[in-house]
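Below you'll find a set of structures to go through.
First chain A sits with chain B, and in the next complex the same chain sits with chain C.
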Partner chain A sequence: MSAQYPTTWRRPPQIIQDRRLRIGLQIAVLAYLVLAFGSIEVNWQRVSEGLERGQRFVMGFLQPDFTSRWRDISQGLIESLTMTLTSTVVGVLISVPIGIGAARNLVPRPVYLVCRSIVAVSRSLQEVIVAIFLVAMFGFGPFAGFLTLTFATIGFIAKLLADDIEEIDETQAEAIRATGASWFQLLNYAIQPQVMPRLIGLSLYRLDINFRESAVIGIVGAGGIGATLNTAIDRYEYDSAGAILLIVIAIVMVAEYGSSYLRKFLQ
Partner chain B sequence: MLELISLSKTYRTGDAALSDVSLQVPKGQIVGLIGPSGAGKSTLIRCINRLVEPSSGEILLGGASLVSLGGSELRQQRRRIGMIFQEYALVERLTVMENVLSGRLGYVPFWRSFLRRYEAADIQRAYQLLDRVGLLQHANKRADALSGGQRQRVGIARALAQDPDLLLVDEPTASLDPKTSRQIMRLLTEICEERNLPAIVNIHDVPLARQFMQRIVGLRAGQVVFDNSPEALTEDALTQIYGAEDWDAMRKADSDQAEAESDAIRQLAEVTA
Partner chain C sequence: MTDPTTLPADWSFRSRSARLAIWAGWLSLVALFVWCWQVMTETTIWAFVWDAPRQAGDIGGRMLPPEWGYLPELMQPLWDTLNIATLGTVGGVILAVPVALLAARNTTPSAAFLRPVALFIIVASRSINSLIWALLLVTIIGPGLLAGIIAIALRSIGFVGKLLYEAIEETDPKQIEAIRATGAGPAQVLTYGVVPQVMPALWGISVFRWDINIRESTILGLVGAGGIGLKLNASMAVLAWDQVTVILLLILATVVVSEWISAAIRRAII
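Take a look at the complex of A and B:
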């Protein structure tokens, strides 16, 4: 009986059924890959010089110098931390109403479209580009950094909050609406309890993203520890730069661990 | 008294969920609404408090028309209609007390509800209702800490906190075990009797409807096909509401399956050949 059934089975092609087209596409992709690798020009002499410079950098990293530039470092750190905290708080405060407005199930369509476009603009511009623009507008220093991070926070929090509101349990909202509640009461009694834990979690997560970003945007002149790092590298003081990087890594790790612990606690 | 006059609802997809439904529910009467899935039971209930907008027809609650209202007038009428839901629809992260007090939202200004500063009378009443449904000692627990039957009793207390003139009850026992279902139905009927409240109860369970309802309305494809006392709900009436169990169709399905099987054998033969 069992002899009637085939004993071999091969998975049939799922995406492209035609055999010739499939093989043709595979060859085309391979050819493109080979050509693309071929077009990368590598200047080996420059690489060997660079390796030496990289080695000095790594040596500096291994012998970090916290003391000789400590005043600059501590000032940069305080600036960065101030920038991080203020921009997160202001950013979250602004993004809550925008996030509510960008939730399709709560607001009329025009409001939704306006809020979603604010989110889209904020998300489409990378922090470094915004920072360059704002530094040009407001000059060097932490104020431009504060504005940049606030702007980036709005896109991040508002989008994720809006998505979360759109995925709430609708029956709970329906029940509150059925009591004769007004729109604000609906928000306070049906939406807020459902999205609050996530909003707090996202804000904490954004706090630690903002600290990391503050180190990056400092390099383009927006103040903070990034500016200090940039100066150190420009002066070829790799030992000080190493010290700064180690401090940044330590703070990010502390923030990461702290915020994930807090988020777990809040669930 | 609640009066529906040729109420119709056609969804934007073109599905006619209700067509020309007219009903009168006098004070204190408990009406069981039965019918197959998709007959329009949920739509009918939600049209009454305008969670779903009716396409045409008239809804009168104690003489006040509910159809053309908007904004604050609609909210003032909604607070007269208590609603109880299938999956309880409690706000799970709020406390039991907050859930009961949310029944007062239509009566209090925003700042009171926001600060949870309800009037003394409201709070006293909420405690009284929790005591009535036997949950006084659970007032400060979060709603998601309760069992299914307990949650549904909180749902009942919330609806009663509205001081309603009408109760809409949507499948109150669909997610409960048989014993708890009976307890909940008994509680509901007692409460309606105490307060002389009219109620419309969507219900899947026909024996339960027979046992607890004073009147049964059968809905099929958006139309009322039965409206009588539970005693009149005979096998014939049930067939009229739910349709005959169609053995012929099942036999047809069986022969389809047999055909599919023989087809598969033929294909297999081709593969092995």
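Take a look at the complex of A and C:
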């Protein structure tokens, strides 16, 4: 039994099997990278000047200054937190009917198309761009931020809720329907019990996202902690900026653990 | 068997105490909402709010018709935006892989010390939006594409790292066991046991993140980090709303196309 086994082994390609296609793709990627890197213009002198500032920022992050701007920080935090809660509540309230309307198995086709297009519009517009427009219309401050986050929440919750309703166990709906239930009774006894835990989970998740977003839309004038952060960075007060970022990270961490705990408790 | 005469005549979905508890929960939520609403709108100038429809009509009137002649000027910034998103994603993925390896329970070298550090990096990166990273980086290394790329990369670490470490934790231990049984060292276990199992997930996550990054990089220019957002900022500063329309439509088209590409690639891989 002379073994004709090869002594070396090469791992077979994992994703693209065709050799020519693979090499072609690799060349294309390489060409793109060369072109893309060529388009970056870096002013190294500016970078080296800035590194000192970067160092100060890192120092600010390590030795955050919570006290000297505490009034502004707490004001921004209160705005952000209240904005987050109100926009999530209102957004979820609006998105429930839209989500039901966007579920193919519950509503006639015209309603489905209208609701899906509302969802598509809300999802495709960036929060920051929406915020710019709403600030222009409603003036500076947390009210514009509230409207922005509500608008963004609608697209998010309505889409996931609609997808969830479309995936429910049809036999339960069938059973309720067989008792002669009306459409609203069907909703109440067949759909709602199946999607409610997930809706609560999604709302908590969105609460978390809305807080994170509230830190961003302040940069364009929609109030909240983002406005405070923007001011701190503009004034090169990196120790205050570091403090704000640490607070944001801490709140997000607490919200994340809290919401995952709450979801486990509710399910 | 329960005696039917002791059962209540009417069927109800929940017991009395459960209903009360749920009712109390909703009541406290409503109370919290009302309180938050009052705190939030304390400083709101309602005259501006009631004036909003008129303002909206005014801006809408200025935005139409779009000034299509502005479109050719936008091609260079659009290319910059695509580069920010793509190079940022590449950088983010490269940085995220070691973080994910440190954070996954089954590959981390020290669960007591390195894993919490890696998890903190992931949370910190996830909780700070790329626009904030860009804001910081523009003041540190100056305005331009590089700040945008680094901002996107830093933000991507958390997203890719989190999804990747979850994928690593879900790998089949039997395959890793089999590789280890051949006498492979730790690096060989990684390349032949773990990597083949998470590679499709890594590609899927990267493409998904690339799609999100395209979306985010369109606005990084607002704080000076290059790309089409710079043009948006410039047009808005001079109140050229008809140019703003063109930019927004271009952004929308880019986002839709990138979403379509990413969905197609993910369908092909997974």
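Here is the rule we go by: the second predicted complex is superposed on the first by the 239 of 267 C-alpha atoms of A that agree within 3 Å, B and C clash if a C-alpha of one lies under 4 Å from a C-alpha of the other, contacts with A are read in each partner's own complex, and residues count from 1 in each chain.
Keep this in mind: a contact is a pair of C-beta atoms (placed from the backbone, for glycine too) under 8 Å apart; a residue touches a chain by one contact, two chains touch by 3 or more.
Fair warning: this is a prediction, and the values are worked out from it, not measured in the lab.
Shared-chain residue A:89: touches chain C; no touch with chain B.
More residues of chain A are touched by C (comparison of chain B with chain C). Judged by the touch definition given at the top, the superposed model places A:261 against neither chain B nor chain C. Contact with chain C, but none with chain B, is seen for A:51 once the two complexes are overlaid on the shared chain. Legend: residue contacts after superposition of the two complexes on their common chain; A:70 is shown touching neither chain B nor chain C.
When the two structures are aligned on the shared chain, A:180 is found in touch with chain B, with no touch to chain C. Shared contact residues of chain A with chain B and chain C: 189. Contacts from chain A toward chain C in the complex involve residues 11, 14-15, 32-33, 36-37, 39-43, 46-47, 50-51, 53-54, 57, 78-79, 81-83, 85-86, 89, 124-126, 128-129, 132-133, 136-139, 141-143, 146, 189, 212-213, 215-216, 219-220, 226, 229-230, 233, 236, 241, 245, 248-249, 252-253, 256. Chain C meets chain A in the complex at residues 13, 29, 32-33, 36-37, 39-41, 43-45, 48-49, 52, 55-56, 59, 79-80, 83, 86-87, 90, 123-124, 126-129, 131-132, 135-136, 139-142, 144-146, 149, 192, 196, 199-200, 203, 215-216, 218-219, 222-223, 232, 236, 248, 251-252, 255-256, 269. Chain A meets chain B in the complex at residues 4-6, 169, 171-172, 174-182, 184-185, 188-190, 193-194, 196-197.
The residues of chain B lying in touch with chain A in their complex are 49, 51, 72, 75-81, 83, 85, 87, 89-94, 98, 102-107, 110, 113-114, 155, 158, 162, 168, 268, 271-272.
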